[in-house]
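Next come two complexes, and both contain subunit A; in the first it sits with subunit B, in the second with subunit C.
Presenting the complex of A and B:
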């Protein structure tokens, strides 16, 4: 394995202006955490048309991995983790703008708690309402959902908390856990592969926390064509997991 | 890693107690899962413990792991796995082989189970206790003095007789309900009638006490540590229990009923999830420290 502390993996299908904002915010957060030199930022161009321009990606401090055919979100992440192994992986969506404190807080939480294998991040929508503070599971067909979604963030608790799952939009994972599970399952068209990963991690005894200290910005579901892939992903997830997770929502 | 083996995830007090025990251990830093046939997770109460398939757990388990048993039929498989064995003692019938097995760590949920193991099997035990789900303690429905809840699964004839004699009460059966529904029923009920004579495990009565019911119970085996007749509940043989409950329901005794409910609630707080967490945290610093990897 490489001696790098962190590989940040950002799959992107087009959306260059948003991606550049994401990379700028990420750079500031890596600097603030003091881990810029120990980190690799890998942008996986998931068959964008036109292709993402390598010079602009490099100018933003990232490496570009190109997929010529469109593949699922999971495969893009797995590829980058294989090519750029590190002690931790941060899966990051290209429409997330992390706060300067975010990455330092997430790394510190893993450092403090050896049994925690995955750390998520609190995120808000542009209007200040909560996008993500952790994922809970409802009964029946309700399945996994974001706790307190769209509630006013400033009124909600800031205590780091344990969950059964957190979103893969900004998810820090230990390499040892990633290896143990063989990365993300590549059967999901788009969505819920992150929740599948979390449930499998907990079955191995790993714990999952969501950092609540800072709140990053998440525009959510900006990728073109995303919505039509949600439904088959959800159907697959429920066929595999319904009745096999406990109800905490 | 701790593997807690259960024969089912369906509605049974022992299933909930097992999951709540594991939930607390995990929250205190232990690594653990519950193993059930097919990896079925309970859908009838709230918790967040991970669940794995029993067969998969048996394949994965190693001598460094802990296997928790509370179902006698699991003994042979778990003993053969080479894992360190724990018996989470909830009920005692049909457990003789487990209690006789050498090298087992016994964690008891009730005083009666504790005494049984010490007196009849000469075992050293560690009392861990149980907890009642937090939802029962919360503010919920308005309690109605004339509403009575009961579980018809065992002792239906007692409940029928009580309903015949105490016609002033609205009787509501609770069967096949999930925990939020049971919680609503109990928070609304002024009275809970426990009809299962010799019950090994009196969890519903304790939940009713937490919800603020006046509990009238037939004698039980498990649970007598918190059922204190005339203080926080009524406990008597069926033929005497119903007349005593009728007497207690007289309008002139409204104050006494309310006092009993308050005492019941105060008793139940000894079984609040935080109490279990505190107790287990203490044990994990002492005799159970090996459960933390």
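Presenting the complex of A and C:
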């Protein structure tokens, strides 16, 4: 395996200006955590037409992997993890602007807790309301949902907290766990492969936390065509997992 | 059924600057051949580092005839040919195998779509995309005529060739030009080294001016390629004028240039309808290919003869 500490994987279908902002924020956060040199940032161009420009991606401090056919989110991440192995993987959406403290806090949480395999991040919408502070599960068809989504940020404590799942929009994962589970399941068109991964990790005895120390910005669902892929993904997820997770009180 | 064996072939001549990317993108093929024409840079060392079987040959006037000799040496069931300034995507192994598995029974050769880059920008206008290239084929089914820039021939017939729709992938990624300066330099090089007819009586400078007019009118597609499209149209128009002057300069005795007479005659030689039609087709290649695909399907519905 590579001696790198961290590979950040960012799939992107077009959206270059957004991606560049994402990479700029990520660069500042890697610097602040003191892990810039020990990290690889891999942008996976998921069949953008025209392709993403390699020099602009390189200028933003990232390597470019190019996919000519449009693949699911899981395959894009799995391919990048295979090509750029590291001790930890950070799955990051191209519409997330991480705070300078975020990566350092997430890495420190994993370092402190060897039994924690996955760490998520607290994120807010541009208007300051909560986008993600952890994923909880409702009864029946409700299934997984983001706790306190769109509610004012001050309603959620700043204490790091354990969950059954966190979003893959900004998710730090240990390599050993990634290997143990064989990466993300590629059956999901787009969405909920991250929650599937978390539940499988819990079955193996790993714990999952969400860092609440800093608030990154997440615009959410910016990828064109995303909405129409959500429904089949949710149907698949529920057929596999309904009744197998704990309903959060 | 096991995956068919694939041989990758790359021709090189002082290709060190781009070869690394080309060979790295072919790391998955079963057999890799590099045919090198007396490179004085690191091309051979790079090829060896990538585990390629290197064939050294003398500099040939035309690459096309040479291709056939080395395709015949390939041990793969299928052959994949790349130029040294081209590369494939990271999902190419899967896409190529999928393409062969799904379409390989019905077809002997595939024309792959190609992205052409000028610097960082992919050129999409003026028919530059999908820019089909016959590069993936069953051993023994494709021949290159021994001539400059001619298209290879599928020996089992055109119906055994399939233009792979761009949405299916894989693409060839072609780093044509580092920048506009390199394009200008290469065009001038081609113009200076090209052969021109030596009969002064048949020289007509207006024909060159007409080509320049045609280039400016038809190559410029700002909707597809922005300002770069206009810059390229100007370069190609300039190229036509330069060629006219180089041709004129090579004649003995030099005929009259008649530049001022040439302009109105040149404009008249290119009908406006032709300019409009070519522009339309250039901008709507996707529509053209869609129609082609519909026609092919309708043809498939017709009862088969014999």
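To be clear about the criterion, the second predicted complex is superposed on the first by the 247 of 249 C-alpha atoms of A that agree within 3 Å, B and C clash if a C-alpha of one lies under 4 Å from a C-alpha of the other, contacts with A are read in each partner's own complex, and residues count from 1 in each chain.
FYI, a contact is a pair of C-beta atoms (placed from the backbone, for glycine too) under 8 Å apart; a residue touches a chain by one contact, two chains touch by 3 or more.
Keep in mind the model is a prediction, meaning the values are calculated, not measured.
> After the alignment on subunit A, I want to confirm one thing: do subunit B and subunit C clash, or do they fit together?
Superposition check on subunit A shows subunit B and subunit C fit without a clash.
> In the superposed arrangement, does A:207 touch subunit B (first), subunit C (second), both or neither?
first
> Can A:55 be said to touch subunit B (first), subunit C (second), both, or neither?
After superposition on chain A, A:55 lies in contact with subunit C alone.
> I want to verify one number. Taking the Cα centroids, what angle sits at subunit A between subunit B and subunit C, in steps of 10 degrees?
150
> Using the touch definition from the top, say if A:47 reaches subunit B (first), subunit C (second), both or neither.
So A:47 only meets subunit C here.
> Just checking: does A:68 make contact with subunit B only, subunit C only, both, or neither of them? Give me first, second, both or neither.
The answer is second: A:68 touches subunit C but not subunit B.
> Name the contact category of A:115: first (subunit B only), second (subunit C only), both, or neither.
Touch partner of A:115: subunit B, not subunit C.
> Go through the superposed model and pick first if A:182 touches only subunit B, second if only subunit C, both, or neither.
Neither partner.
> Which partner chains sit in contact with A:139 here, subunit B, subunit C, both or neither? Use first/second/both/neither.
first
> Is A:164 touching the first partner subunit B, the second partner subunit C, both, or neither of them?
It touches subunit B, and subunit C stays clear.
> So in the superposed three-chain picture, is A:243 touching just subunit B, just subunit C, both, or none of them (first/second/both/neither)?
First partner only.
> Which value, in Å, gives the least CA distance between subunit B and subunit C in the superposed three-chain arrangement?
Superposition on chain A places subunit B and subunit C at a least C-alpha distance of 32 Å.
> State which residues of subunit A lie in both footprints, the one left by subunit B and the one left by subunit C.
Shared contact residues on subunit A (touching subunit B in one complex, subunit C in the other): none at all.
> Give the list of subunit B residues in touch with subunit A in this complex.
1, 19, 26-27, 29, 31-33, 39-43, 45-52, 178, 293
> Would you mind writing out the residues of subunit C in touch with subunit A in their complex?
Touch residues, subunit C against subunit A: 88-92, 95, 115, 120-122, 124, 166-171, 173.
> Where on subunit A is subunit B touching in the complex?
Per the touch definition, subunit A meets subunit B at residues 115, 139-140, 162-164, 199, 202-203, 205-207, 243-248.
> In their shared complex, at which residues does subunit A touch subunit C?
The touching residues are 44, 47, 49-51, 53-56, 65-71, 79, 83.
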